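By letter and in written order, the chains are A, B and C; residue numbering begins at 1 in each of them.
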Amino acid sequence: MFRNNYDNDSVTFSPQGRIFQVEYAAEAVKQGSVVVGIASKTHAVLVAIKRNAEELSSYQKKLFPIDEHTGIAIAGLTSDARVLSNFMKQQCLGHRLTYGRNMPIRNLVEQIGSKAQNNTQHYGKRPYGVGLLIAGVDNTGPHLFEFQPSGMTEEMQAFAIGARSQMARTYLERHLDAFQDSSREELITHGLRALKESLVQDRELTVDNTSVGVVGFIKEGEASYKVDPFKVYDGQEVSVFLEKVSDSAEGGAAPAAGGEAEGEGMEVDS
Amino acid sequence: MTSIGTGYDLANSIFSPDGRNFQVEYAVKAVENGGTSIGIRCKDGVVLAVEKIVTSKLLKPGANKRIATVDRHLGVVYSGMVPDGRHFVDRARDESRSWRDTFKTPIPTADLANRMGSYLQAYTLYQSVRPFGITAIVGGFDSELELPVDGEVGSGPSCGAGGKDTSKKHGGPFLYMIEPSGLYWGYYGAATGKGRQAAKAELEKLDLSGEGISLEEAVKEAARIIYVAHDDSKDKEFELEMSWISGADGPTKGKHQEVPKALREEAERLARKAVADEDSDEEEEAKEGEKMEE
Amino acid sequence: MDHRPQAWGRPRDDIYGAYDGSYLQNSGPKQATQSPVVTGTSVIAIKFADGVVMAADNLASYGSLARFTDVKRLRTFHDNTVIGFGGDVSDMQYLDRLIGEIDIDQEYELEQLPDREAQKSVELMQASNLFTFLRRQMYHQRNEFNPLWNQILVAGFDDEHKPFLASVDLRGTSFTSPSLATGFGAALAQPIMRKYAATDEDAARLTRDQAVDVIKECMKVLFYRDARSLDRYSIAVVTKEGIDLKENEQLEKQSWAFAERIKGYGTQTV
């Protein structure tokens, strides 16, 4: 009988140089519902599908504001995400207190990266079972980062993580060129369309299961800027965004960038 | 790998009967899967370069840097597990900072290599940790000039301290490579990661230990070597990232900096041409192939 | 005679009496710095239309002794900020090293940008951010009952790229004004500077040359009346183009004629 001896903890390398516990933690991310993030020259948006345990229960939060200039979307273990989110809030506050400015997003992301990496190198710890998309603006403009349980953090133009996120990523890759110059509304629309691609058959985006988060970068003169603070839209607030991507709206005039194969042609659930 | 499956490879710090620590060897395997990194120590500086495999179109081009500045005059590049590399960089920065706190002067490259070697070695000693899944290349330029001590605000007495041997040469470019075991050597040309064999073969062709080559030549060679070491069949796309460090009178004024875009692009153009020429030479030995594709 | 090893090299008890080791006992409350040791005197600064001018002489006194005569008390940060230190020189050196660390942190941040051109165009940490840091540092130290014995002026620009000038002292007290002076300068130079720039509006009408002249005039007055001052000084002008720092200036056109008319103290007998 085959038994993998190398996957019991995160301090054991396999003969191929892999760490299975970390790879398994990455699987936990795929169990979470899908979240999508896109950045343009002026904005960074996050959109997410919320799940509810049963018909009458509330929906699990997917977007968390961190500071005025940044927020996160999560996929995986929500309780792990909350630990990271609290940590990020503290870091941002600390930075604001000592330097009187928005903490640079990459700084922030690398801090949680280091924290997560530490969990993969010491016995008795386990990797975080959550993936994050971090959207934010700082003195260098809007940013979108992906965070993985391994501690890997990378800056993306657009990305999706969580269950069936591959379909969303395919959508994002197809429309990549449009994002840079997209407006705030166009960016949200793209995000929601990408989200739709990942939906299970018969499911649709509703005001109950959809969250939208936006943060903006307003350039002022040569080198100074203002922040359009990170804001999360839930419930009825998202209906305006949803209307633009409803099947009927898409059927008629598919707006702006490449309208192939949208609305129709939902994938079969696996 | 005779002892595989006999249980000696299941935990770090355990010796097998033939005196090996398998977990460290497995960590080296993680390095061998990573994108190629190289370092060149030349006459008037150091060049670091890395092949960054583009794993997704959605990555922001040019944004995810793999070469890190540790102190103003020190740079690090690594192959293997990137989060481990970040850990390495964080620690190296802490070391150089604590050195400054104590000695009020920048840490010499050799001392940083020594401290980081010790740090990595400590991660091979205990079952409660795993070794680093990276090999790091540390490049630095220790100042040849007498630097002001950190926090120095005046010149003090106008007569000198005396007794100084002015004929002695101080500082210069240095390059070290540190392995997961904590082992490190000084190098003229160092390579690690996927394409290290090809890269080493190319580095050995350069005259680095004798006459030496200039910094600008080294930038071009580094680009070419990364292109040669890149395996088209396995990975399609990659980004080249390069940094350099010169002395106080050189282009970077003693600082570790990214190679300017224009110079890097020129080096890449030459590298692509060199690789294309080589390929066509191999394909048709006799003919003077004028096949210029890309 | 006592030949036991512990008595070797000690003054003989029978002649000098038993050794008084009481000073080695630290009884009573723990004491930190009670007073500065090697000190710098005034720092003065005034805003003008496109920046700020600051000056301080090059003397470090040991009590009333003019101990070091080429001490540079104006430090620069990132080519956009000048920091002037009055008070304890070794505490200034400590702060200078702290600022050096922040400078290296900034370099870590900058190198993440796509290329060197992008690095040049990005908004770096400004004088206002560095001032926030210094203010926190000074207040923190005083809360530890171990103050850094300085009064500090910070000049440069704020987030909105307007000229910035602020002061913080060993108690963590901070404020801003169109013109500022520390030490003796607060009494002797401040009234002169206020004549030219009582408000920010006044300061905005001053030209660079006018501001430099006011500062030079003040430095002269300070040298006349402050016995811990020197006629060699440093002067820095910070504008958007960068910092123009001269560290070995000589007071010009001194006239000591007024001294003869001073009566009532000193060695005069009339």
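Quick note on the criterion: a residue touches a chain if its C-beta (ideal position, glycine included) is under 8 Å from a C-beta of that chain, and two chains touch if they have at least 3 such contacts.
Computed from a predicted model, the values in this text were never measured in an experiment.
Separation of subunit B from subunit C in touch steps, taking the shortest path, is 1. Distances between chain centres, each the mean of the C-alpha atoms, put C farthest from subunit A. Taking the mean of each chain's C-alpha atoms as its centre, the chain lying closest to the overall protein C-alpha centroid is B.
The centroid of the Cα atoms in subunit B and the matching centroid in subunit C are 41 Å apart. Inter-chain centre distance (subunit A to subunit C, centres taken as mean C-alpha positions): 48 Å. Distance from the subunit A centre to the subunit B centre is 33 Å, each centre being the mean of its Cα atoms. Along subunit A, no residue makes contact with two or more other chains.
In subunit B, the residues touching two or more other chains are 63. For subunit C, the set of residues that touch two or more other chains comprises 112. Those residues of subunit C that touch subunit B in the complex are listed here as 58, 60, 68, 70-73, 75, 89, 92-94, 96-97, 100-101, 104, 107-108, 111-112, 114-117. Chain contact summary for the complex, subunit A toward subunit C: residues 97-101, 104, 106-107, 139-140, 220-225. Residues 109, 112-113, 118, 121-125, 128-130, 132-133, 136, 159-161 of subunit C are the ones that touch subunit A when the two sit in their complex. Subunit A makes touch with subunit B in their complex at residues 5-6, 10-19, 39, 110, 113-114, 116-118, 120-124, 144, 150-152, 154-159, 169, 172-173, 176. Within the complex, the subunit B residues that touch subunit A are 1, 4, 9-12, 22-23, 26-33, 56-60, 63-64, 81-84, 86-87, 90, 123, 127-131, 133.
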